[in-house]
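Per-chain numbering from 1; labels A, B, C and D assigned in written order.
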Amino acid sequence: MSNARERLLARAARDVQPGMVVNLGIGLPTKIVDHLSEDLCVCLHTENGMIGIGPSPSPEQADRNLIDAGGAYVSTVPGSAFFDSATSFAMVRSGRLDLTMLGAFEVGSNGDLANWKIPGKFSPGVGGGIELAQKARRVVVLTTHTDRAGNPKLKTKCSLPLTAPNCVARIYTDLAVVDVGPKGFELVELARGVTANEAVEATGAPLILPHGELGVF
Amino acid sequence: MSNARERLLARAARDVQPGMVVNLGIGLPTKIVDHLSEDLCVCLHTENGMIGIGPSPSPEQADRNLIDAGGAYVSTVPGSAFFDSATSFAMVRSGRLDLTMLGAFEVGSNGDLANWKIPGKFSPGVGGGIELAQKARRVVVLTTHTDRAGNPKLKTKCSLPLTAPNCVARIYTDLAVVDVGPKGFELVELARGVTANEAVEATGAPLILPHGELGVF
Amino acid sequence: MKLPNKQCTTETAIAKIRDGDTIMVGGFGVPGTPMTLIHALVAHGARDLTLVKNDANEPGLGIDHLLRSGQVRRLITTHLGLNAYAIELMNTAKLEVEFNAQGILAERIRAGGSGLAGILTDIGIGTELAEGKQEIEFEGKRQIIEAALRADVALIHAERADVFGNLEFAATAQNFNPLMAMAADCVIAETVNLLPVGGLNPNNVQTAGVFIDHVTELTALTKEYAVVKR
Amino acid sequence: MKLPNKQCTTETAIAKIRDGDTIMVGGFGVPGTPMTLIHALVAHGARDLTLVKNDANEPGLGIDHLLRSGQVRRLITTHLGLNAYAIELMNTAKLEVEFNAQGILAERIRAGGSGLAGILTDIGIGTELAEGKQEIEFEGKRQIIEAALRADVALIHAERADVFGNLEFAATAQNFNPLMAMAADCVIAETVNLLPVGGLNPNNVQTAGVFIDHVTELTALTKEYAVVKR
């Protein structure tokens, strides 16, 4: 997975366009920061109160007061600014985020997202997830295609409590890039060495294949 | 009136107690600042975004960015801080003001205050008056006892649109200090040279006289 | 990663304004009023505007120019006491005026900039400012619902800025500026001192550049910015 | 006019806390968490507390000490992901937990500190976080009413302060601190650097001293404030 994970991250990072304001959710998405070019003109937002995240610092360079929402130490770039938690989510709810990248337990083929609670098993709280999922202009998910037991995370309908309905536009996994289209999941690209059939079998809902040739990442 | 006005201001200033957070309304009340001792430990608030007003500057010392809510240039003291209009009224509405001193067109004997509108004649807007009158812990009024035509401003019931109901605790005028008690207006002190009878006649509602001797200011 | 440069000319920025737009204008009296952006809006000529501003400045200053040029149909404000001309326009029905309690106007703008639909407050209950507003019972008390307020464009005055749009304000020139800078689809800031990106201490930034669309540097402080002699 | 001096010892300030109080605690992870005030609250021993804090810190840090000492009955929070002990207490019904969306918790606290009764938002509609909350139709859309939140005491961590209580925060240690500093009847701030009154630039003050009741200077930054090695 480590190699597949790096390729997933690199592929997702390619969709971060110049000029965007982008929030990276805790977990896998925060790793995107080290896959972005230092020359890219992009405003990275972290919900704990900062715009302008720079490359990850070495442990020696870490500033005790400077973390991202996942608790990882981060750096600034010229023009970074800090603000309180109310202002941070004012940006989120008022539509200033062009893109947010989130983790997921399940994604429904209608774009529903479940990423905060597994009743009876895992319930650490929703954090900023609801507001990010509900209000970012574009919501994408970075996740493994299946859970540790091999069960699909992309499903016809989510069975877990929702973070937000109808919000996910695209999913990047270790197997494929999948869009949520008007008729459900659409296969966009395959990871190197993965067949379309493998992607279809790992998906818990119909996966629409494109007419042309599939890209590979 | 000029002399009477100065004595009114000096008398009202005597009721500003150490440790208080005080807002001075536009008009007569803002003049209080120059009647307070420089040694007095008091936090003066101005609704346009400042705590810690100092003595009035000379015209040469005026800073173009530093005014009070009435547009007069003000100075800072050590520890002054600036903030936006939302934070300024957050202080007001959450009860951080111990005292506000306001002007008035009319005060009702039940403590009603009318100070923002004379229908058909004068309607410049309410500014911060409603929030100050409704939320300061103690609301007092500085005003002439009668209007220019000689009509009483202290009345059984206000005839003008209210700023806030049941809010005024004390009134300082050119003739007297009057409290709003459970049974209506109570004469507390007289201005030098004014008789109790003159104060009664200038008041448009019953004025309860104290049993003992009246103080003079 | 780099942050984008949003510097442009006043005219380019103001050209985005359309007839019928709602425009928020910072300032309380002279401090914080974007005098130069206002003059550019007069020159631009957009009409039928709704302005949101704490006050109407004084005759010959600030938004008084827009009132005199006949560009303003409606004014959402708190107090016009220092502008008799604005009051005359209102009294002769040449200008629609909506008065708000000052802190409530601030909160309505902040709510608009914060993606909230509105706030619940007891301010104004029992006064004519509560008339026509939706009231509800919440946790045993009567509350007024005050609607969030947003604008098409906000005109902001800052003391210092970097080209990304991070802003700092001076003294009581802060007032409505940081709130309005959150609450419009297009936010234009004029600044006395424009610095390269990163020219401000990240801890002292009062409005983060992510809220700002255009920033323009003042070439001179005209006499409208000066201390008013009365 | 002079501004009052609010410097006192940590113990004197914390002594005001009573059994059953609601306590807001600043911080998001380690940054901004008032570690020293929390230790003083453990030593003080007040019980049956309701805490309001973004997260439960990590085992051995911050409010984890208050959870382990059994002083906390209820926790209003957004995310416990880094503290398995807190989750275990919740799952075994030894700790009541109320989860809020993070920005909504921030706004509820800000509303409490701003004298508002609540806010209207569509955040959480269609999720279980909306359950049990009053909904209304406003301007044609469904909205949830989120109630303002206040506390008896707030515990704040600031980078710099003057003795009047004006505060400045460092980097992402700001988070909930300026909001909670507005929203409690008694606000206690610990600071790394305590300066004489007027020691801060009035334009850079992030929390005005009028909100603060007591300010205490840290004699040392204990290892809980340090960079966490994982």
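As a convention for this text, a residue touches a chain if its C-beta (ideal position, glycine included) is under 8 Å from a C-beta of that chain, and two chains touch if they have at least 3 such contacts.
In this text, all values refer to a predicted model and were calculated from it rather than measured experimentally.
*Asks:* Which chains sit in contact with both members of the pair chain B and chain C?
*Replies:* Output, common partners of chain B and chain C: D.
*Asks:* Compared with chain D, which chain's mean CA position is the farthest off?
*Replies:* Checked the centroid distances; the maximum from chain D is B.
*Asks:* Centroid of chain B to centroid of chain D, CA atoms only: how many Å?
*Replies:* Chain centres of chain B and chain D, defined by C-alpha means, are spaced 36 Å apart.
*Asks:* How many angstrom lie between the centres of chain C and chain D, each centre taken as the mean Cα position?
*Replies:* Those two chain centres are 32 Å apart.
*Asks:* For chain A and chain B, what's the span in angstrom between their mean Cα positions?
*Replies:* 57
*Asks:* Going by the touch rule set out above, which residues of chain C reach two or more other chains?
*Replies:* 107, 110, 114-116, 121-122, 169-171, 202-203
*Asks:* Going through chain A residue by residue, note those that touch at least 2 other chains and give them in order.
*Replies:* Residue numbers touching two or more other chains: 82-83, 86, 89-90, 92-93, 135.
*Asks:* Pairwise, which chains touch?
*Replies:* A-C, A-D, B-C, B-D, C-D
*Asks:* Which of the residues in chain A come into contact with chain C in the complex?
*Replies:* By the definition above, chain A touches chain C via 19, 21, 33, 36-45, 51-55, 76-83, 86-87, 89-96, 135.
*Asks:* Flag every residue of chain B that touches chain C in the complex, lowest number first.
*Replies:* Listed in rising order, the residues of chain B that touch chain C are 26, 46-50, 59, 62-69, 71, 73, 82-86, 88-90, 92-93, 117, 123-131, 134-135, 161-165.
*Asks:* Using the touch definition up top, name the residues of chain C that touch chain A in the complex.
*Replies:* Its residues touching chain A are 1-4, 110, 112-116, 162, 164, 166, 182-183, 196-198, 200, 202-203, 205, 208-211.
*Asks:* Note which residues of chain D are touching chain C in the complex, please.
*Replies:* Touch list, chain D to chain C: 107, 111, 114-122, 134, 136, 138-139, 141, 143, 145, 147, 168-171, 202-204.
*Asks:* Going by the contact rule set out above, which residues of chain D touch chain A in the complex?
*Replies:* Interface residues on chain D, with respect to chain A: 28-32, 54, 77-82, 87, 90-91, 97, 99-107, 109-110, 121-124, 126-129, 159, 169-179, 225-229.
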